[in-house]
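Below: a set of structures, written as structure tokens.
Two complexes, one shared chain (chain A), two partners (chain B, chain C).
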Partner chain A sequence: MMPPGETGGIIQSKRQVIFMSEKKLMSKKKFSERFGHLGFLGPGMIFLFLVLIYPLAYSLRLSLYRFSLTDATQRWFMGLEQYIGLLTDAPFLQSLYLHLAFIVICVFFQLVIGLLVALFLNRDFYGDRVVRSLLLIPVFILPVVSGLTFRFMYNPQYGAINWLLGLVGFGPIEFLSRGDTAFISIIIQDIWRMWPFMFMIIYSGLQALPREPFEAVKIDGASKFQELFYLTIPMLKPTIVVAIILRTIDVLKVFTEVFVMTGGGPGRATTLLSIHIYRNAFSFFNMGYAAASSYVMVLLAMAISVILIKKVYA
Partner chain B sequence: MKKLALLFLITAFLFTGMALEVQADRPYEGETIRVLVWRDALTEAVIGRVEDFEEATGMEVIIDDLPTDALTERVAVNLTGETGEYDLVAIDEPFTPRFHDYLLPYAEWPEGQVFTKTNTDDLVQAAVDGGTFMGELAGIPVNANVYMFVFRQDLIDDSDNQEAFEEEYGYPLSNPTTTDEMLDVAEFFHNPPEMHGFAPFTVTAEGATVEAIWVLNTFGTQILDEDLNLVLDRDKAIEAFEFYKELMNYAPPGADNFGHPETISNMNAGHLFMTLQWPAIIAGHEDPEESLAAGNLGYETAPAGPTGESSGVTGTWILGMPRVSENQQAAAEFGYWWTSEEAHDVLIHEGMSPVRTSYLEDEELQDVFPWYVGQLKNFEIADTRPRYHHYTEVSDVIMEYFNRAVTGDMPVAEAVDAMMDGIENVLN
Partner chain C sequence: MERGFFDRSVGRIIFYLLVLLLLVLQLFPIYIIISTSFQSNLDIWASMSPFESFTPTLDNYRYVLFRRPFLQRIRVSIIVAVFTTIFSVSVGALASYGFARYKFKGNKSLSMAVLATRMIPPITLCVPFFMLMSAIGLLDTYSGLIIAHTSFILPFVIWLTLPFFEKIPQAFEDAALVDGCTRLQSFYKIFLPMVAPGLVVAAIFSFLFSWNDFIYALILGSSRIQTAPVAVSGFIGQFGPEWGAMTAAGTLVIIPVFVFAMILQKYLIDGLTAGGID
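Let's look at the complex of A and B:
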């Protein structure tokens, strides 16, 4: 009789061999399972790195420098001093406040108009599809075309708006000539062009709402007002938040239409942050300053999005 | 057989000779240059005739023409990135200091093989000065621009107007030569909506700075001296802006946001008495197919201010050659052709403004292009804008506070103070 340890040892070692080779197979399998997908993802990741990550990292680095594109003597590392400087830079702050006001006013009115029209059109009627399609036309107009068209319409001598005002005994109003009216004018242009976007999202949200709760409140005798404020709007809240986030990010990027309408003037009355950044980058060639200002804009967009999302899912 | 061989040899010799001759005439066969220019009537004329140059040299010329803002961006990116994408780039006067380090000075441009290197002696001196920075001509001037005083000569010459004016103002009506007379004629002819006394430039663009520099110089004050010190005389600046603000009373509706398109439409529709304008745009005012004012305009130096002196502002464009261009020889030929007499003979009839003094002085041409005489007069009194690397930042401050002062958005004295502070900040 063999000592138990020996036989057992042989068996154990055989098992060990089997176990080891299984382990090897497993580990090989795990390796391909673990990393095989990288072969498929790799090209995409490299592309993403080249077109997104690298430019972002490069501009972040640039934002820490005093960097004049045309003057090699004006290039040195500033670090966070560049960002701290923005906090006391009057033109930057003025443009930032102006842009925030622009966002708040535009998004608010677009939301209200979009919601009201979506509620109104959320029913079947003859030609409803045609009406809904026609309402979307402004969204598909290029910003530069919209800006130029409004610029002509606002013209005090030959503009359509002043002509209409003249018919009812008003005007001419120099819409783009005075700071306050110019700011209101660019807001009106943006509201006109993009409210259908809000409508489109909210209308889709309304279509997706379940019918049962509405039938239930009808049986309970709720008024239309109660139905709207205690049922429709609360149920639409996630859709509305998504619409606000998308529009806010979009309005943060507004540039072309304002640039062709006013060029940021009169004075600095319509110099939104985007125009301020553009002028610093491509008129004064202060690329570092422009990059830092752009990052503030990005942070702003992220902060607004995070706050809104947290509010919804809190 | 011998005769046949001899005939063959002679024929072969002749063909080879002809081929060599063709090659010598067109030494750039197969070469291509890229040129970046602004977009207006002048460059349109050049682009329309570039085939003549290609025919003469054998090279291909690819011209990209862009609106001025987009052009400056692309010039900046290409020059500072030393991409070598373009062999020639057009640069507006205010940007010459910024880019001159990246350009081959004109003195170092190679001699031409097809066209003779342009002698700058016949080029408008003010344009040569406009293209010069730190004592070096940065490229070849191709657009001799100067801000000109333009007015409706026919209305001045009208006997009824003369009678009515003298009765109202107590002196005879004539071309305004002082700022006081300028205000008087602006008021006299201002009869909206049929006629407006004066067209300002107030949109947020470089033109507003040019307007501000003109009025400040007219009232005897400069902004920066040669050592880049702020030398703006506060009182004179206030007086200058107050004068301009008064002129604004006689402007068309929308005057607080008035640029070239508005001025052009008013002048061409016959609704404008006077303005300050660039020659390239004046060509349109004098085109009877486009303008009701054609043939009725007068051109003079702008009215003199309290110092008794008139002022003007130049706006030279140069063709600069990037140091990194790999086709410098071929590119130089294009610059020489553009400024050559051969090209002038053809192109000025197709919309190009001459850069050669001899053409501006040509009496036959002056009959065809009546503003040439006024252009020459204005060149004599015109100054360049401040020659400063960071001029665009200074310009931004000037245009903002000039606009705010003359449109009443800010009290004039406050705007002048803010402008001085803003310029100091940039300089520091």
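Let's look at the complex of A and C:
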């Protein structure tokens, strides 16, 4: 028997204390308690290391080289010169600017529309569930299908959007052949597809708000606007922050829709950073340059995820 | 619930009209996809109005399914999605159990790191994936694409199933361990049956994310391994825009997504906020 007070041989859990008499069993359990997680986590973590960490490290090394895939004479070590070069590289800076503008404009409009519709639909009415489900449908359209369908609808000869414009007396517009309208067009596509996502998050936030404060301010005689700006929005703020961050991470990944709608054109008008990286890597095969450009994007993603983890999961 | 303008008689009518307008705006492009897929090329090119009457025809579907290798592309998509799902869910469930049931140093930071990998934009991984896979001969193979898909779906599965594992009371496992079960036995005899619903949800989402992927399939596949979404875009590039064929193929690709989305309604918000549909 063991002297009282000695912990060896006793496994403690929240609910029960079990006395283990067999010494052999004890040591075996201890070993599996200490190292068992390696067995369970091992396969997943090793895999993630091989397919995420190693490629990212490889890409970091690649980003320090001039490395043409097709021309063996165009390969040499550049070091940080590659990154310094990016700072004055007009096409890169323009695509970074377009990418950021795309994110800010899309997230802003999706937030505004999502919030307004959530407030508007936040009442009991006949068929409310069906309406919400129908509104969410575009979120499930594959980006490639959505992008191509908008390309079809923007067509000046037989596109539905120009037909609508014609109804109100505007001539057909070659949306995707003009720089300014092309950029607006890809933004409209993204807003259409993803504002319902923003709406759903904010709507569930609204539904979860307690009722009492609203009854209280009503008794105090607050106007609708006062209620909205001094009660609803401040109480919704955490939900809105989460929604903005989630959307930002998602929009940062934008590629497919723009790739199939415009391919980055006309000219470079819709060449977002992701399209810029794609073109350099897989049309011009400048892998080193593409790796360096994509590291700028990794940094952006990391900055956003740090904010996310601090705000949401802390 | 308090009653505002939109809840009184005239306001009520205006409210429903506004809801209707919203639905029409939102569903208009969907209507375009589906209605165009049933139009002959002549009808598509003849008029701008999407509401002009036309004779419905299945020609586009026949063309896509029987005269172009689209069925074969769907097969590739299904094979990739199924293997990605099996691999991600089995490895992911083990890892979730590890995170949920072992208290070890760095547990929290490691699970956070796994979560953070989901923020990496796919295009930034495409360059190293392409280089490394061409070096070891994985370009244009099933394995290559399955590995690429698992790289972003596995962290998602871990994230989604972790709460399911954490919810199971410690007492269940203690009882099993006392009765002489090993951890591995307790994992598949006690935990797996109890977290089965969570694993099904994770499996469906995994399938969808793999099915929806465009960028990895575009870069890592070419002639042999071409998935359905890449093939859809092929109808616009290769021989001039074949809008009828594109919308028919697009409709076919969307159908499984809708079916699964309906099954998953309850878990939709969780899954979407974790992964994003991209």
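Methods note: the second predicted complex is superposed on the first by the 267 of 314 C-alpha atoms of A that agree within 3 Å, B and C clash if a C-alpha of one lies under 4 Å from a C-alpha of the other, contacts with A are read in each partner's own complex, and residues count from 1 in each chain.
In this section, contacts are C-beta pairs under 8 Å (C-beta built on N, C-alpha and C of every residue); 3 or more make two chains touch, one makes a residue touch a chain.
What you are looking at is a predicted structure, and each value in this text was computed from that prediction instead of being measured.
In the superposed model, C is the one of chain B and chain C that contacts more residues of chain A.
Once chain A of one complex is fitted onto chain A of the other, the partner contacts of A:98 are absent, as it touches neither chain B nor chain C.
Using the contact criterion defined above for the overlaid structures, shared-chain residue A:267 touches chain B, although it does not reach chain C. Once the two complexes are laid over each other on the shared chain, residue contacts for A:182 go to chain B alone; chain C is not touched.
Of the two partner chains placed around the shared chain by superposition, chain B and chain C are both touched by A:282.
Contacts of A:157 after superposition: both chain B and chain C are touched.
After overlaying the two complexes on the shared chain, residue contacts for A:71 are found with chain B alone; chain C is out of touch.
Contact with neither chain B nor chain C is seen for A:106 once the two complexes are overlaid on the shared chain. Chain A residues 157-158, 282 lie at the interface with chain B in one structure and with chain C in the other. Here chain C touches chain A in the complex through residues 1-2, 4, 6-7, 15-16, 18-19, 22-23, 26-30, 32-33, 36, 44-50, 91-92, 94-95, 97-99, 101-102, 104, 107, 110, 112, 114-117, 119-132, 147-148, 150-151, 154-155, 158, 170-171, 174, 177-178, 182-184, 187, 212, 214-215, 219, 229-230, 232-233, 236, 241, 243, 246-247, 250, 253-254, 257-258, 261, 265, 268-269, 272-273, 276-278, going by the rule given at the top.
In the complex of the two chains, the chain A residues touching chain C come out as 13-16, 18, 29, 32-34, 36-37, 39-41, 43-45, 47-48, 51-52, 54-56, 58-59, 62, 117, 120-121, 123-125, 131, 133-146, 148-153, 157-160, 162-163, 166, 192, 196-197, 200-201, 204, 214, 218, 224, 242, 246, 249-250, 252-253, 255-256, 260, 274, 277-278, 281-282, 287, 290-291, 294-295, 297-298, 301-302, 304-305, 308-309, 313.
Looking at the complex, you find that chain B touches chain A at residues 69, 72-73, 76-77, 79-80, 98-99, 101, 193, 202-205, 252-257, 262, 265-266, 389-390, 392-393, 396, 400, 403-404, 407, 409-410.
On chain A, the positions that touch chain B within their shared complex are 69-72, 155-158, 172, 174, 176-179, 182, 262-268, 279, 282-285.
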